[in-house]
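Listed next: structures, encoded as structure tokens.
In what comes next, chain A is part of two complexes: it sits with chain B in the first one and with chain C in the second one.
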Partner chain A sequence: MLSDTDLGAIWLTLRLATTVTLLLLVLGTPLALWLARTRSIFKGPVSALVALPLVLPPTVLGFYLLIFMGPSGPMGKFTEALGLGTLPFTFWGLVVASLLYSLPFVVQPIQNAIEAQGPRPGEVAATLRSGPWDSFWHVTLPLAKPGLLTAAVLGFAHTVGEFGVVLMIGGNIPGETRVVSVQIYDHVEALEYTQAHWLSAAMIVFSFAVLLLLYLLQQRKSAVGLRYGS
Partner chain B sequence: MRIGFRCCHGFIRRQTELLSLTPLALLLGTFAMLTTLSARGDETTIAVASNFTAPMQAMVNQFEAQSAHRVKVAFGSSGKFFAQINHGAPFDAFFSADAEKPARLIAQGLAEKTSLRTYAEGKLVLWSRRDGFVDDQGLVLKSGQFHKLALANPKLAPYGAAAIEVLQHLKLAQSTRSQWVQGENISQTYQFVASGNADLGLIALSQVMRDGKITEGSAWLVPDSFYGPIRQDAVILKRGRENPALLAFWLFVKSPAAQATIRRYGYNTGASSGPLKATEGGDTDAE
Partner chain C sequence: MDHNRDPTPGIQGHFHLPRSNGDQQGAFTLDAKLDLPGTGVTGIFGPSGSGKTTLLRCIAGLQSCKNASLSVNGETWQCSSKRVFIPVHRRPLGFVFQQPSLFAHLSAGKNLEFARKRAGEAVSDSDFQKIIELMGIGDLLSRGPESLSGGEQQRVAIARALLIKPRLLLMDEPLASLDQMRKREILPYLEKMHRAFDIPILYVSHSVDEIARLADYLLLMEEGKVIGEGKAAALLSREDFPAQLGDDLGVLLEAKIAERDDQWKLLRAGFEGGALWLRDGGEPIGESIRLRVLARDISLTRSEDTASSILNRLPVRVQEISPDRDPAMVLVRLKPLSDEGNENTSGSTRLIARITRRSLHQLSLVAGSELWAQIKSVAIVR
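On to the complex of A and B.
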């Protein structure tokens, strides 16, 4: 069945996915709000940048992150100047990479949900003397709840399934960067097919359960913005 | 194709029909060229461990310059090739990064027992991309004056297992453990060091050696006695045993010219390190 190192990898993966999802909800919501409301000429380029990880092979992202976050890269120089060392081979390096990698999966559902509301709820709130901040917390966000939920589930699930990027910048350190997908890869490469089967089966069951939950929630409230991926 | 029978239709119509035939004609032309090629020589597809990419490409170029046969090479990880060959992958021969996988393919009846031979022996080097960082005794390892030491995953890569042997030999396995970062294979390990993310790495000499010289940075060639030989074995697979292109290439790989190429890329061969021990039932270098 599952060994201690397998369980360690599962625990690390869940920790990583939770951290990334929470951070992405905090950082992605303002970005989604801006994208949904803006008429700036930057809307196109920013949308394209956000969607880029959907298109790029993860190895491309991982390769550039390795260089970018390394001691000769701009971000590496910055983190070293702050006395933090460099990010590759660390848990927080994986967090930064996953933030980029899972960004579109969080921003796009929230953006869709906000766009679907149209300007009217905000206008009504304004006539009732609600300021922008008040209106955001008490009108926009509650109405976008289904989109936020979809964003959280997809962001979490996508981070769990990440492989290429982690492989490039992880360094396979137990408890730090050795996540489930890498552990499965190791088992397959070492011809330990039985362990690979166990972990892979666990991944399939987990992914199915997450997606099933998402679609069940969608059926219950068929609000616009929840239709992501269906 | 209907042109001959449609003589009475207008000139324009015939023109368009002729035009529409052009792609077909091109296709037939290409096909004819391909068949003439194969009339002169055959083609073989081989699977080669990715650490051996550079010397294999050089050898294939040498071979194709003197032969009508063509060699198509798939480079990749030995573990994946092993799994793929088990599931019917169309390879005629397998140049593995270790000795274990070819032996298992023979045991499974998928490879020719008599063809098994060690085509190269890997050498380990302690390398940094910074000039003067690694001294010629490897004392930098003992000093501990480095952040990260990259090595290949010992479970997956023979170079990783050899790296662990070296560290154990130097009694440094415990004290340096917290500084290890592991690549899934030796190419990735090299990438960690080359990008500067690890100051040091125990990597394959072949990765930093061209024409007998270290290409950049500083290096310590780890003495052979610190680790067991990193034998890379090759076998002819069942589907390749009667392919003339493969058999010709197989002979070529044993030739002095090819052996010299292999050594130029930082590997030992039978000729340079004394005759390699013939693996059981092997016909190593018996020409």
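On to the complex of A and C.
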């Protein structure tokens, strides 16, 4: 069965994924809104930057983050000046790395959901004396709910599943950076296949359950299923 | 509420919006000067792509227009020279879009509440009920927009626009997305609304039927420009009314119900220069109605064809023959013989028939010929 270190890894993973998902929804929604509505020349470059983690090997992202957040990197100097120490090999270092790594999985579904609405709901709201802020909260966001749900689930699942970035930036510190994927790797390295089986099976069941829940919710809401990137 | 308005009522303004190639609606330069009455229904009429919708969107503020001014019953909504631009959500207007545009995440009732909460002035429960009854949507309130028919959705959308308590109601072809059945279903509601609320309405349409039924005043547009305006009845009967109407070309007659034939369920409506038999729709004797006779519904015979199924036959004289846009067709303007004593041309009745050039030749028609006009159908438009 699962050992205490396994349970610790599971707990850490859930904590990390939840933190990252909530932060990404808060930060990603305005970004998605801007990308969906803007006609700025920066739309292309920003979209490309957001999508970059989709194609980069996680080790590349992890490598540059390690330098950027390390003692001689600009962010490392900044966090040290604040008296926070450096971020690599800490929980919050993992959070920052995961934010970047999972960003496209959250931004793109929300952006698609807002783009799919077209300008009409916003125009209708304006003719009903609903100002931009009111309209955002009571029309744009509720209409984008399926996209937000998809974004949350994908962001969460993707953060749970990350490995390369964690290894680069977090290492393997129990209770701090040793997430489930790293724990499984450790078990396999140590030839503890039974332990690896239990943890892997738990991951499969968990991931399947989350995705199933998402599909069921969306089917009930509308005939449109989970469509990522469409 | 602030009621001290400028003494100049009405809707005045101008919009100059240069064509932009990136814009799909930008095939023309909108260049419109407006001076419209501040009450009643003003129809904005023109063929597709003539700038009607763009003009309406400019008036609403949905389309930004750098060179523009607009004042509605004395309130300035927009003036580029004074750098005034009231954003859409601060303009006291209601807007009904061509496509039913209920918020998909709210039930019909919640859609109405959305407007009621944001209305310019409090909407009392009795007002709320009145609007719901007027639009006949009391049974639909708990349902989601996706479960309503297009016509039902549009009725809810109109109720929603009314609940915002607008001081100007803008309607952008509200019936265009509906089939013929649904149009007939909604038109009576629009007429009731027109009578029940004293709100000036700008009604965009390319359907002469709707315009003839609803509009008091008319603005004609073509290629982004205003090409004519005036009282609807007068303008719709004018012979130089845009020829692009084609199949919809016709005249409007102001008539009065004179007689009811109970045996055959018909009504006789008298107008200056004659009378026409209509199907009995229950109109009381003495009621003033507006009739529309389409040019394509008039055929011409040299002698009276009493063996015909066509009920309405009038002796007429050809006044003028003019070419139609279609090279196979001509337009023949006719004057009923019984109206000939009436030299007051403005009040005299004329009919227009659209016949083939070949028929014109076969009947050897010239100005002055005496004929019988057979009228296949007459529509009561109001």
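In this text, the second predicted complex is superposed on the first by the 223 of 230 C-alpha atoms of A that agree within 3 Å, B and C clash if a C-alpha of one lies under 4 Å from a C-alpha of the other, contacts with A are read in each partner's own complex, and residues count from 1 in each chain.
Definition applied: contacts are C-beta pairs under 8 Å (C-beta built on N, C-alpha and C of every residue); 3 or more make two chains touch, one makes a residue touch a chain.
Since we're looking at a predicted model, the values are computed, not measured.
Participant: For the combined arrangement obtained by superposing on chain A, do chain B and chain C clash, or do they fit?
Facilitator: With chain A as the common anchor, chain B and chain C both fit in the superposed model.
Participant: Please work out whether A:S130 is in contact with chain B alone, chain C alone, both, or neither, and reply first, second, both or neither.
Facilitator: So A:S130 only meets chain C here.
Participant: In the superposed arrangement, does A:H197 touch chain B (first), chain C (second), both or neither?
Facilitator: After superposition on chain A, A:H197 lies in contact with neither partner.
Participant: Looking at the overlay, what does A:P121 touch: chain B (first), chain C (second), both, or neither?
Facilitator: It touches chain C, and chain B stays clear.
Participant: Classify the contacts of A:P142 with the two partner chains as first (chain B alone), second (chain C alone), both, or neither.
Facilitator: second
Participant: Quick one: smallest Cα-Cα gap between chain B and chain C in the superposed arrangement, Å?
Facilitator: It comes out at 48 Å between the closest C-alpha atoms.
Participant: Could you list, by residue number, the parts of chain A that touch chain B in their complex?
Facilitator: 66-67, 69-72, 85-86, 88-89, 167-168, 171-173, 182, 185-186, 188-191
Participant: Which part of chain B faces chain A closely enough to touch in the complex?
Facilitator: So the residues of chain B in touch with chain A come to 77, 79-80, 82-83, 147-148, 150, 153, 155-156, 180-184, 188, 191-192, 195-198.
Participant: Looking at the complex, which residues from chain C come into contact with chain A?
Facilitator: The touching residues are 60, 62, 87-90, 93-95, 97, 99, 101, 103-106, 114-115, 118-120, 160-161, 164.
Participant: Within their complex, state which residues of chain A touch chain C.
Facilitator: Interface residues on the chain A side: 120-121, 123-132, 134-135, 138-139, 142-143, 145.
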